[in-house]
Amino acid sequence: MILQATVADRVLQLNISVDDGKPRVEIEGHQPQLDLVKLSPYSYSLLIDGQSHHLSIRPSRDGYMVDLRRRTYHICLQDELDLTIEKMGLKDAGRDRSGHVTAPIPGLITAISVRKGDKVVAGDQLLVLEAMKMENEIAAPMSGTIGALHIATGDTVEKGARLVDIHVQ
Amino acid sequence: MILQATVADRVLQLNISVDDGKPRVEIEGHQPQLDLVKLSPYSYSLLIDGQSHHLSIRPSRDGYMVDLRRRTYHICLQDELDLTIEKMGLKDAGRDRSGHVTAPIPGLITAISVRKGDKVVAGDQLLVLEAMKMENEIAAPMSGTIGALHIATGDTVEKGARLVDIHVQ
Amino acid sequence: MISKVLIANRGEIAVRIIRSCRELNIPAVAIYSEADRTAPHVLMADEATCIGPPPSIDSYLNVDHILEAARSTKADAIHPGYGFLAENAAFAQAVLDAGITWVGPDPQTLELMGDKVSARRLAQESGAPIIPGGVEPTADIKAAEAIASEVGYPILIKAAGGGGGKGMRIVVNPNELPPAFKRARSESASTFADERVYVEKVIEQPHHVEIQVFADRAGNVVSFGERECSVQRRYQKIIEETPSPFITPEVKEELSKLAVIIATACGYTGAGTVEFLVDKNQRFYFLEMNTRLQVEHPITEMVTGFDLVAEQIQVASGKSLTFGQEDIRPRGHALECRIYAEDGFDNFTPSTGRVLELTTPGGVGIRLDHGIREGLEITPHYDPILGKLCTWGRTRREAINRMTRALEELRIVGVRTTVPFCMAVMSHPVFKQGDYCTSFIADYGDDLQTWAANNKDSLDEIAALGAALFSTAEKSKSPDRPDARLSNSAWLRIGREEQISR
Amino acid sequence: MISKVLIANRGEIAVRIIRSCRELNIPAVAIYSEADRTAPHVLMADEATCIGPPPSIDSYLNVDHILEAARSTKADAIHPGYGFLAENAAFAQAVLDAGITWVGPDPQTLELMGDKVSARRLAQESGAPIIPGGVEPTADIKAAEAIASEVGYPILIKAAGGGGGKGMRIVVNPNELPPAFKRARSESASTFADERVYVEKVIEQPHHVEIQVFADRAGNVVSFGERECSVQRRYQKIIEETPSPFITPEVKEELSKLAVIIATACGYTGAGTVEFLVDKNQRFYFLEMNTRLQVEHPITEMVTGFDLVAEQIQVASGKSLTFGQEDIRPRGHALECRIYAEDGFDNFTPSTGRVLELTTPGGVGIRLDHGIREGLEITPHYDPILGKLCTWGRTRREAINRMTRALEELRIVGVRTTVPFCMAVMSHPVFKQGDYCTSFIADYGDDLQTWAANNKDSLDEIAALGAALFSTAEKSKSPDRPDARLSNSAWLRIGREEQISR
């Protein structure tokens, strides 16, 4: 099975097969000895040619999050089918004319200045997001009409959470 | 609901009810304020009248094991039905004429000296149980005929595991 | 005598204080907001009382609720930790009025040293130089211009009521002064309800050096030596060390002497810190006094062997110091890295989420103070400090190597932390040489980013291999996508391990 | 120079050695048996190699597999830790023959000091008293009787080949000697394939005191001071401290001097320990020399500030000591409690099982070395030591209070450990006074049990409440036993917490 892994801006090809009951992965032209063992719900020990790595692996919105040597890697994996779909441009088909304003940092919504249907100009304040004692004004990134509001005052939001939709005329 | 809790040789009466959505337990004549919150699969925080206790609670063969302040408590809980059954002596009804030899400590079975059908006299060696570098001879606690052997050489056994059955003539 | 201490704080510092209470055999009462019911300080305390909803203003800053908690638990002393109400004179007074012992200096001392103007005046009278220009704040542009021309450009404009870098600007020439002054004044007014600003001389390549002092009610005052705190982001410390690799023995001696004089002059009791700026020519200026336990106090404990929190409680209970200046003999070198829930490589953006895994470092020369546990939710309500990792070494180099090792061992999965950033600092040549000032992060931010990127690249393949093996194993388990080729013993082994692993 | 170290061990000591390798920036190779694939020493090492099935004889004692692992990973040094092959002269020789650096003394020294007869002879020649009678072992009852009447009853009979208390008996009068000698001889023969036994004078109220020595190849030998190791069960140490609360400064001085002379005489290199018995009148006798790193070395590191493992590696790589006797200045007091997987209140019965929870203590003056993790299975294959908890204090009392606090913080759930037993010892008046000898556990076992029982009773109700609330909450979740009265918000809250908690 061929998998394409995207790590930040690098793209890696992996060829996964099974040899004598053991997983074999060819990566960047070499085929290391691999041994992956689960330690806890998120934690794994991976030996690669005897080199010991202690990883945390968990699925995320758009792939996998891997913690390794105190850094977090976002890995997007695509098999042949995924790549075909992408090539055909099917993924873009459903895109609408809405702008999604997302949370740049996690925090608390302390104020909302707009309502559904309001017309806004790029730069207008939409809401205030408070995080660890700092108030952050979130402004409209484009002009348009406010669509759905996905939050209410007092909500706690994650980084990347969809806050407000703006329909561009 | 009335529960009877047996902790080592102490027997405690607990009367459990619900008051305004909160659990109420009457124990030894007083009714403390309780707040139990789960922290992890085995770990709980219990506030009793504001006194903070960090417990581990898990079911065991014959009740519950509670770890509290670095000690383990074995708690047997019985409700009215359990107590009625015990009073009627139903629990003893199924007892057969077999003696069960169990492992006094956890360890490795390194040798077995008997086979099914062998006749043994109390004190005869049955097997050798090795634990942390010490060899322990396990002898027959009574005379009789060897019934089932629940273990094989090389097995790792837990403390209390059934090893050999002896049928008393 | 103190028979029960209520800790008016949360997180790592509450845990820190509980530990000393235990060692003194004094029961400790935790307070908690509804967001903190399962936080370690609640689990570790002898008693715990809820004092309100998550926002600090309704809980950890709610004086009435805290005093009520002390009354209902019969606590006869309150330790405020740092932050929250620690330097609030009105709170300290309310505690005393309630007949409860306050573990800290008198309210009058808090007031005196909490006001910048009176603190600087006291320092000056004690013989400590202050930064030229910065005696009195002003809202008047004419006065500002006069100070500026007297001390010489570049100058710094700084809010009188503030801190943490808000409303601060540097002015390089006279033309820039009027607009900069106007903006600083209005920012200061809106943020701190005080439109006055300081106009000060800019100190070149400044070092932040502070002296830990300790005093009892009998008038004994000692210095526990200095801490160098010049690795800062947004004017907040992130890495500290002792001894300072920069200041000369003469300066160190003089700062200690001045700090003791200042503490004596303000009638101080307990643990306090006198902060100085030291310029590239070893010229120093009094900055302010922190009238409470300092976040970075553990490194002083590591080199001197004293438990400062235990000593605070002893002094608060009326005892005199059982040691003198001659008993304080620092040994070796200690470093602290603050572990914040922030991404050090993304402008210190706060991070929230659940702590999925926590593995702590151990072995020789390590100290960890933290207030988290596996499964705990890090919320955006409070200060993002999760803990502090300290190392001790016979030499500075040994302490640095040990810190690198300990940072590698510390696994916190689920929230981003400053751990990788601190690792980058430990490997930076300027830091290694001990040749850094407060602009270190600003000056070498790119280097630190590069270090991170270099180390990242080499590990991309490993992370990708991990994800690929994980995803394939997951698919082979899932009944709706049976992949016969991969349902073999190797993958089953992973499945089996998982079943038994908890 | 050493470029890669293979650690021929497992558990806490392998982890300990990896830490020093990291700080020296030398890659570390772990070896593991099939039972230890997920043990912390494997997770922490740079590389890891499987060397066989679980039984030690097939893995950690398998010389060929270990040498092959060193060859295949290109390790150019082997650190043996303690136990397993650490004092095996043949292994050390095989390592050297393979062109690999041995982190330890020469094979000849291992052999010389490993043999009780030659070790005692060397000690005697160095001026150290030995226990009267114990020069040469014998299998002859006449010789035994001669020694006994010379040194006087009571006497101790002890296997020549053994250790750990096997074949040991005390004889109080001459009548008992022949049968006791016969039994000891046959036990000795069957256990150690050597029927000879020692006949020695019984030392009254003995203290086990040992001196940590350190030597380089250039002939520099220093003493790192003493450790008192008299809290023992089955002749195995469980709690150690430094300095000794018992021996006089003069005895301390003399033991240090003798230890240095002995280490010099046997051509020692690296870390070694010279063990003495000290009787109630401060008379002392050479016991043996341990030619390796000692389990309890961390307390010496805590008071002196040195990293003994790092120094071992430096010396093995050919470097001379960078410090002299005058640089070793112990400060304060350190204690170690060994955390065994044993029930201290049930005759130290071994315990196995899965570590369900692990929470480690932190804060001021704590050091923890362990080799476990949450989810790890403790098997009966190896030594039951899980880790070592050490505390430091300015005074002995501070170190004891800190140890009590740290033992309370250390949560290991799933296997029984010696933690509660150690807590009982810390609270015992005889231990607190520092007035204990090697019979402490035998003499005060009942007291310690009582302490445990007292503390147990008071907590029965809390445990019962916990179990009752837990069982009721479980039942309210279970679909086949819906109990309407209990399916309310309080119980649902528990259920919800559980769902999100991992």
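Note that the chains are named A, B, C and D in the order they appear, and that numbering of residues resets to 1 at the start of each chain.
Definition applied: a residue touches a chain if its C-beta (ideal position, glycine included) is under 8 Å from a C-beta of that chain, and two chains touch if they have at least 3 such contacts.
Everything numeric in this text was worked out from a predicted model, so none of it was measured.
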Target chain B, source chain A, minimum contact steps: 2
Result of counting contacting C-beta pairs for A-C and B-C, higher pair: A-C
Centre-of-Cα separation between chain D and chain A, whole angstrom: 49
Between chain D and chain B, distance of the C-alpha-averaged centres to the nearest whole Å: 32
Shared-contact residues (touching 2 or more other chains) in chain C: 38, 44, 356, 373-375, 408, 497, 501-502
Junction residues of chain B - those touching two or more other chains: 37, 39-41, 54
Residues of chain C touching chain B in the complex: 30, 37-38, 42-49, 72-73, 373-375, 502
Complex contact set, residues of chain C against chain A: 349-353, 356-357, 379-384, 407-408, 410-411, 413, 416, 419-420, 423, 452, 455-457, 459-474, 483, 485-486, 488-491, 493-494, 497-498, 501-502
Partner chain D, residues of chain A touching it in the complex: 35, 37, 39-41, 45, 47, 50-52, 54
Chain D residues touching chain C - in the complex, by the definition given at the top: 15-16, 19-20, 22-25, 38, 44, 298, 301, 305-307, 309, 331-332, 354, 356, 359-360, 362-370, 373-375, 392, 394, 398, 401-402, 404-405, 408-409, 497, 500-502
Of chain A, residues touching chain C in the complex: 1, 3, 5, 7-8, 10, 12, 14, 16-18, 21-23, 25, 27-28, 32, 34, 36-44, 46, 48, 53-59, 63-64, 66-73, 75, 77, 104-108, 130-133, 156, 158-159
